[in-house]
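Each of the next two complexes has chain A plus one other chain: chain B in the first, chain C in the second.
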Partner chain A sequence: MGRKEIVAALKTKFERQNQVAVVLLFVAAALFPFMPGVEGWMASQASLIVIYIMAAQGVSLLVGYTGLVTVGHGGFLAIGAYTSALLTKYFGIDLSLGLIAGGLMSGLIGYGLGLIFLRLSGAFMAIGTLGFAFFIGAIINNVPLFEGRTGINLPASRIFGVKIGDFGFYLVAVAALALTTLLIYCVVRSGVGRAFMALRDAEKAAESSGVNRVFYRTLAFSISAAITGVAGALNGHVVNYVSSEVYADIWYSVDFLVAGVVGGSALLMGPFIGGAFIVMVPFFLEKLADFAYILKGIVLIAVLLLAPAGVADLLARPFRAMRRRRLAAAGDSLGLVGAAAARAQTAEGR
Partner chain B sequence: MTSHLRCENVTVRFGGVVACDKVNLDVEEGKIVGLIGPNGAGKTTLFNVLSRFQPYEAGHVYFRGGPVDNKRPHDMIRLGMARTYQNIKLFGEQTTLANILIGAHRLIGNPIANMFWLPKARQTERTLHNRAIEIAEMLHLENDLDTLVRNLPYGYQKRVELARALASNPEIILLDEPVAGCNEEETNELKEIVRRVNRDLGITIFLVEHDMSMVMTVCDYIYVINFGANLADGSPTEVQKNPDVIGAYLGEDYHA
Partner chain C sequence: MHRKTKKVGTASPGRRVLLGQQIISGLASGSLYALTAVAVVVVFRNTRTINLAQGDFAMVGAFLAMVLIKDMHLNYYLALAAVVVACILLGILTERIVMRPIADSDWLTLFTATLGVYYILHGVAGWVWGRDTKAFPVTFDPTPINFAGTIVSQGHLINMGWAIAIGLVLYVFFKYTKQGIAMRAVTDDPDTAQLMGIPVRFIVLLTWGMAGFLAAFAGVLLSPIVYVSPEMMDQVLIKGYVAAVFGGLYSIQGAIIGALMIGVAENLAGGYLGAHYKTATAFAMIVLLLTFRPQGLFGIQKRREI
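Now for the complex of A and B:
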């Protein structure tokens, strides 16, 4: 099997098709406000979905690619929201800057948290991050700057100096989501993404291959926190109000974890599925609000049992199998008949 | 004689047990050097010392002329040392190609530039991919580049580990029992591959192995340790005739 055939066999149409699917999804999302019959509240609801998807992206990057569990991303949501809210209130900054500032601040604190939790993994990491979320909750409840339960009212959002309504805000949110999606796409396909996965799968072997554990773990934490921080900044501006009653709530962290795990990280689409799921469950169960958490719990358990890598991974499986068949066929056509089958049998015999 | 990797009076203690007791050894550049000894003699511990996973309480390790006592495991690969493990440590849920690419991690350049796919990083990625495929071809893994490593037979996994080590462009590779658990055919194949890596790529090899046919035919020089201490060293013929080695390890009946 020559070099050319191998390269060709590895490059499948599927990856390209998935890219096209994601781009089409964004085009459809951007066209949504222009459809007839769409009202302002629908755009706000859609913005909320975008925000949850983005927060879930942060979680799924960490859970899916570095194998670290986090029950504390509500804390990063709060950091993003308050950073942008305070800067808007006291300095009247533009929404675009608010989003960047929220992401940067959250990423910076994520870096610090990554350093502190360097030695933690599994359940201990979950407890540690949960503690972080409680810690952030206590701060916004008690430090006067954050105005506790009274909350901070924000002026209407401006983008590049122009006031925007519900529709404009939704479009900004979609644009921001496009950027975070692109960021994740770049990261996970790069050498950095490979390093994340290597640390996840075999830490020692990764280190002896030259992967600096401290650097990559803190980097993963920073990127993940920054993405959720941008979601937080959006979350404050979508209702032009932040208060500790909302952001000290630990359920945000749980929701994001459920979204990240249910969707998974495969195909870039995982967080889309998980984020939309979390927003839509209470929306459709308006009269049965208490039932929402039960349903989320049931779905979480079902996913963990049936598709531990998330719903998106379930969707990706047939495509992966197809690719494997094609590669085997490429080998067979070049006179390596039966080689793959023989090996598969040996592997099963073990 | 240029010494490549050297350790001087290395001592490691686990509680009251002395795993390595003032061990000295010297791996010459460009050679294939073997380390043998009975089970529990401290071979793997010594390997972990050399790759800096295992702290030691006394002694020094020198690599390419400088001390590496204070280096961390991920530093060693930058200095040109790659290793494999006795119990294969691969990234099982990833493909062969991904495993080999991880081996090339030290060559990705600035991680931030790489993460954002800047032009130079794109070029680097292309080069690394091509090299990974080249290495796979050399080790006869080209048909399994897209296979998840956990689905590969044992002998293949051993080769993937070697491929990953090669991808870092190392000066030296430490092989921890490269043919353990392999059948005769796989063993012969690996022997040939180890020879080729040494001869064609000029990479120094330091290996621990129990398979005497492998050690005696492949190695240029052999160190024998017993109860954590140096017992003997010399060429394969010298070691085979050494009465101490026969008594402690090879046994009276051993004939090459």
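Now for the complex of A and C:
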């Protein structure tokens, strides 16, 4: 076996290890309700973590892989939540259809907005998306269909006709998260993902090599909006209630961005760490809500100063170094594993 | 509601007085948005940072003013002076502690760092002063006075007067003082400015100080209108951003004109469509603007590659 084959085999092996790790994580998440010491109240908190992870995945796809910024994904969360809630209220549709509808609606609106925003350079886009979040807030506060601050009460969730409890809902959320994770994994690994990253790293060079900037960026924006929309639909059903008190708030939008940045937006595991962080900080500081804000701010700044590629990157460093050594021993000159490593290297270099 | 909209064009005198009033009070709130918009522009063009904490500098200033006036019974103008000093310090501290170590990063990192400052200031304000909305101790005499044929409140005129005075101070600063001219040089070309012996780091510090200076006035002047709470500036900040985009995030004049236009447009929308449409107006304007003239309404001499 030549040197090239050994290196290729090692890379395949590392890739397989990554996949197994993710699958094990999801198996553990699915077994969570059956673990000893788990009580009923933990179900909704766990569902909330799953929802934040999913929304952070949507933001990370833009921020990490496409190099676009969004401060308006709270708007897409609201669109997903209200789409599913209204369809459930007036047509009594199944939860599975509600999630799909929420995602589709968000994706469509994201597509339209993408056409406007993606012509802009970064800073203008940040302002535009922030304005979008405020606009959605104004709409759900004032258009009678959305019932403003009174809110819409929803019946207990049913999936495929079966009524589910809190832990049932949690399992549905985990299943949905597994699907979105798979989607992102496949997108990032495909030619589409490479086009995203090429546009991120060298926009002009990519464009002159035939990468259609408007098409790929609009696509990224739509996928990202759709994923956040599904998270929104789940977020409405987890408490069976939606109101503008919750969704007209700018905090969702900034929280998701923080989750992406803290976790590490260019790594598959980044949103998992970031989403859990954003949900658990206010939870542990329940009576000290203001300290939760301060802590989030301090952690965010500390991450930017010390580990610009995110906490996931920090945790992955020893593993990556180990693999790099093994690859180097096998004769690979670069010793890189995957596109994420390349991104992390750029981040280290800046 | 729609019937009202149709009547705008009719020539009944009462309606016209109302329209004039709407425009004057729109200009008054617009001139306060301009304080935020100018600060956003000044910071962005010197440091590539979209400062999300700009509104919170003002919010902290408003809380300080409230404490100084209500609890320490300080004179309004003395309190204002103290708040100005405090906000300038806040801006300078933000630059020294948070922004300077990452000054060479890409703009997304800079932007996210100001988001961290936003969180911290929100948390501190909520912790020290509480989350509920409070009335500001100084309110202006609400009796309307006759001004140029329309009836306006005194508070509006005072606010406009302050904004114009600050505008003049800025004009003199940028046009005649050494620091102001150096600041413009840094805007145009930081590298050459550095080679010419301009202390760029100090100028950047000064830029953040100016952001604090403008925030102090924005906070104190806005608090009788929007009341004092940790969230008081969120809506104002987004309008300041939109106004800044009017100037292409580069031109101060463009940002001021943009702010006045937003103030008038949202007041007209609020008067004729309903008060809740104010924020939506700002967003509608930004979408139109970004769709048709993404470089800003008034053209710009130079736009940075970001």
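Couple of notes before you dig in:
Keep in mind that, in the parts below, the second predicted complex is superposed on the first by the 304 of 350 C-alpha atoms of A that agree within 3 Å, B and C clash if a C-alpha of one lies under 4 Å from a C-alpha of the other, contacts with A are read in each partner's own complex, and residues count from 1 in each chain.
Rule of thumb we're sticking to: a contact is a pair of C-beta atoms (placed from the backbone, for glycine too) under 8 Å apart; a residue touches a chain by one contact, two chains touch by 3 or more.
Everything numeric in this text was worked out from a predicted model, so none of it was measured.
Of the two partner chains placed by the overlay, neither chain B nor chain C lies in contact with A:G112.
In the superposition on chain A, contact is made by A:L130 with chain C only, not with chain B. By the touch criterion defined above, A:L120 reaches chain C but does not reach chain B. With both structures placed on the common chain, the touch criterion links A:G40 to neither chain B nor chain C. When both complexes are overlaid on chain A, the residue A:P318 reaches neither chain B nor chain C. Legend: residue contacts after superposition of the two complexes on their common chain; A:G165 is shown touching neither chain B nor chain C. For the contact definition in use here, the residues of chain A common to its chain B contact set and its chain C contact set are 350. Of all residues in chain A, only 63, 69, 116-117, 119-124, 126-128, 130-132, 134-135, 137-139, 141-142, 250, 254, 257-258, 261, 289-298, 300-301, 304-305, 308, 350 touch chain C in the complex they form.
Every residue of chain C that touches chain A in the complex is listed here, in rising order: 44, 48, 50, 52, 98, 101-102, 104-109, 111-113, 115-124, 126-127, 131, 234-235, 238, 241-242, 244-245, 249, 274, 276-277, 279-280, 282-284, 286-287, 290-291, 294, 306. Of all the residues in chain B, the ones that touch chain A in their complex are 51, 53, 72-74, 76-78, 82-83, 85, 89-94, 97-98, 101-103, 105-106, 108, 111, 114-117, 121, 125, 128, 133, 137, 142-147, 151-154, 156, 164, 168. Taken in their complex, chain A has these residues touching chain B: 1, 3, 6-7, 9-10, 186-187, 190-192, 194-195, 197-198, 201-202, 204-213, 215-216, 219, 323-324, 327, 331, 336, 339-340, 343-344, 346-347, 350.
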